[in-house]
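Below: one structure, written as structure tokens.
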Amino acid sequence: MSKLDFIVEELVTANRILANEGVVDSFGHVSARHPDNPQHFLLSRARAPERIERDDIVEYTLDGTAIDERGRAPYLERYIHGAIYETRPDVHAVVHNHSPSVIPFGVTGKKLKPLLHMCASIGHEVPIWDSHDKFGDTALLVSDMDMGRDLAHLLGARPSALMRGHGATVVGRSVRHAVFVSVYLELGAKLQMQAMTMGKIKYLSRGEIDKITARVGDYSLNRTWENWARRAGREMQAMVE
Amino acid sequence: MSKLDFIVEELVTANRILANEGVVDSFGHVSARHPDNPQHFLLSRARAPERIERDDIVEYTLDGTAIDERGRAPYLERYIHGAIYETRPDVHAVVHNHSPSVIPFGVTGKKLKPLLHMCASIGHEVPIWDSHDKFGDTALLVSDMDMGRDLAHLLGARPSALMRGHGATVVGRSVRHAVFVSVYLELGAKLQMQAMTMGKIKYLSRGEIDKITARVGDYSLNRTWENWARRAGREMQAMVE
Amino acid sequence: MSKLDFIVEELVTANRILANEGVVDSFGHVSARHPDNPQHFLLSRARAPERIERDDIVEYTLDGTAIDERGRAPYLERYIHGAIYETRPDVHAVVHNHSPSVIPFGVTGKKLKPLLHMCASIGHEVPIWDSHDKFGDTALLVSDMDMGRDLAHLLGARPSALMRGHGATVVGRSVRHAVFVSVYLELGAKLQMQAMTMGKIKYLSRGEIDKITARVGDYSLNRTWENWARRAGREMQAMVE
Amino acid sequence: MSKLDFIVEELVTANRILANEGVVDSFGHVSARHPDNPQHFLLSRARAPERIERDDIVEYTLDGTAIDERGRAPYLERYIHGAIYETRPDVHAVVHNHSPSVIPFGVTGKKLKPLLHMCASIGHEVPIWDSHDKFGDTALLVSDMDMGRDLAHLLGARPSALMRGHGATVVGRSVRHAVFVSVYLELGAKLQMQAMTMGKIKYLSRGEIDKITARVGDYSLNRTWENWARRAGREMQAMVE
């Protein structure tokens, strides 16, 4: 199996997992940097993640131009992906979602921070991007490279960012990694909302976050991937690197 | 396939979707204006939405008289549908539901407003109709054209209205549109309840709501419809217009 | 089909529905007064409701003695059922459950009252029975007729009562009716908990409750029963009366 | 069937139940003391509980050394199990989980106490172990016998303990018992969070807790086990003791 074939299958599985775990609904998307050409990325045509098949995956340049569109309409917000790959050479996968539990944080400005060890990978504190600050009244969608780059700038070197009234964007060093962080971002947000009604929260310390993050390797990623893939009716592939 | 056949199939799918997505339980209903006769509408006989089949769909005049009842008992609240079609020529589909997350808004009088871009289609602010104001102690059901018209009057030109102690009514320019708004009304209510416990909310601005609403076209509606239909065990039909 | 056969099948379906709708977990039970002998009632042997089959249904006298036990161990709390049938000739079915959303009301003493029209059948206000008041430190279980009668006394002529730290007991004029009230008691409790965090609640007025309750007939009960039975893998039987 | 075969099958079922009931996600584990050698215990190789099969169960000494590893990578946190078996001869099964509803208690320091009779088995009050107190900034994982013994010391003679920012550990006199307590710990935490937003809670009294706990025998454990096992696609085995 070629590296490209491997990544395409990973993306199909990632879409199904994100839908099955409640991170995306009929919207949201996940991409991967092209394994043979870092100036390109792979992303489904505009379709609900739960329905995506192999043939839906399209190759794009970083500015969002399809290489071989064949009538497959693109996601409007493909600029989120391109702009992040442009500025973050360490990033090999991007998830954009409307993860339900993060929405209340984006609209109230409350800071989402990890309180559970499984959530350390979301970063020390998740910043909030408000499209209104620079672009005023819009449909909130990241509809060109200007907006994509503004979001990428706010994200900086972090693993995740919220988008006010919209959702979140999460990055990873692999598809499995970006999916892992996305699932635990949703869980962390839900738990923090609950804990906030109860009293003062002891979040993970900076040292704890760094130590946990350093440990999240294939050991953890593959354990979740095998489980989530099967739940979503897919099998875990052997790694091709 | 005739336009009528198309709409009947759409209604069956709409009922299954609304049940599967948690917008209706054993009650609630969805109708469509008759495609060939705008003075008639199509609505199931009295049955739980999750169970509805093609043969359950009955044709009614706007005052709620069945054209060909054949022993199929009608929903008592068919007047909701007739009264809205009477005053809103732009409306081609109506959903009435007991969507769980909207109930707390109706009984506390708190204003439900869109805070997530997907929810812009619910309108700038969802008004609350209280049957007690004009009709006093009743069973809360919209059981005649008088009550139906009073609700339609409160709804005005808006896409949705809450009903105190009862549920919500949502309208659309097509069946897919009314289902879309209904699903995101439930989600928006749930998220707003959560955000209200956290602090001051930055809702979508009027400009944002208008820009988003203007964009909700077949692109968005069909993506959700394909996904929700399949989840509910139905296929998306090609459009017949 | 005899009336007895009919009721036995109804009880199996009721158990499956209550489990499937989240009203009972591995505990909780539903009984029916014997259709031919009002001094007897029918109740499953001690088994999780989701697993109950026809042969699990045992006949008991009102004081909880099995007529034909055949090694089928009884529920300890069968006295709840017997004591209520003893004092309430209008009651033909009893549900005892640990319905999750009612528990917080029982332990905080907050009054559960209907705020949604579907919940009017729970009564004007649901009283709370605290076994500790009369019986002191116990295992909280209704383990003899004394405790059963004390609960029945608190219930009085009402349709439902909470039990502090334990759950609820609901009665009905038929199995379908008791199941209907039980499902909407759980929903009403969940919605009231949410609404209480938002502000002052406008509950249904006494007049509204009475008008709605008067309307809950076969029309409503059969619509829910058909739907809930199918979801739980059972079919609705034709009525035998 | 040998006692060992029986326990291995119990562990497979326990893993599936804990996943299916929402107590563990892709992490968490359950062990049993070896039935023929109290200085050894049985625990799956590192794998998501929902996926575990018979051949995944490995035998360990109390200090966490595998007897016959055969390439089956161990859970890092097996020391939790060994350290508890070392100090608690009454314990024959241990569950470690990230049970979602207990997390907010661990990070806010609010005391989790039983308010529902089904939850009495969690103990009079669930203590919170904070790895930071003695070990400073770590990855929060119990990664050696020192940490395991510190947790076991905090647990003392109790049935359960929370772990700040991490989850919970629950013990039992059998696999069925430890699973039972784990499921009701999750439920109790969820209900207490809800009740805390409503007002002052009347928890179970000490006398009630003791009387209920004394009654939790095979009668209760087997009823839940049969039900939860079937839901998870497994059958209940006859006891081998």
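Descriptive notes on the structure:
Note that the chains are named A, B, C and D in the order they appear, and that numbering of residues resets to 1 at the start of each chain.
Operating definition for what follows: contacts are C-beta pairs under 8 Å (C-beta built on N, C-alpha and C of every residue); 3 or more make two chains touch, one makes a residue touch a chain.
All values reported here derive from a predicted model rather than from experimental measurement.
Listed by label, the chains that touch chain B and also chain C number zero. Residue numbering at the chain C/chain D interface overlaps only partly, since under half of the positions present are found in both copies. Between the CA-based centres of chain B and chain D the separation comes to 46 Å, rounded to the whole angstrom. Computed centre separation for the pair chain A/chain D is 33 angstrom, with centres defined by C-alpha atoms.
Listed for chain D are residues 197, each touching two or more other chains.
Taken in their complex, chain A has these residues touching chain D: 115-118, 187, 190-191, 194-195, 197-205, 207-208, 211-212, 214-215, 219, 223-224, 226-228, 230-231. Across the complex, chain D is touched by residues 25-27, 46-48, 50-51, 73, 98, 100-101, 103-105, 107-110, 130, 132, 136-141, 164-166, 193, 196-197 of chain C.
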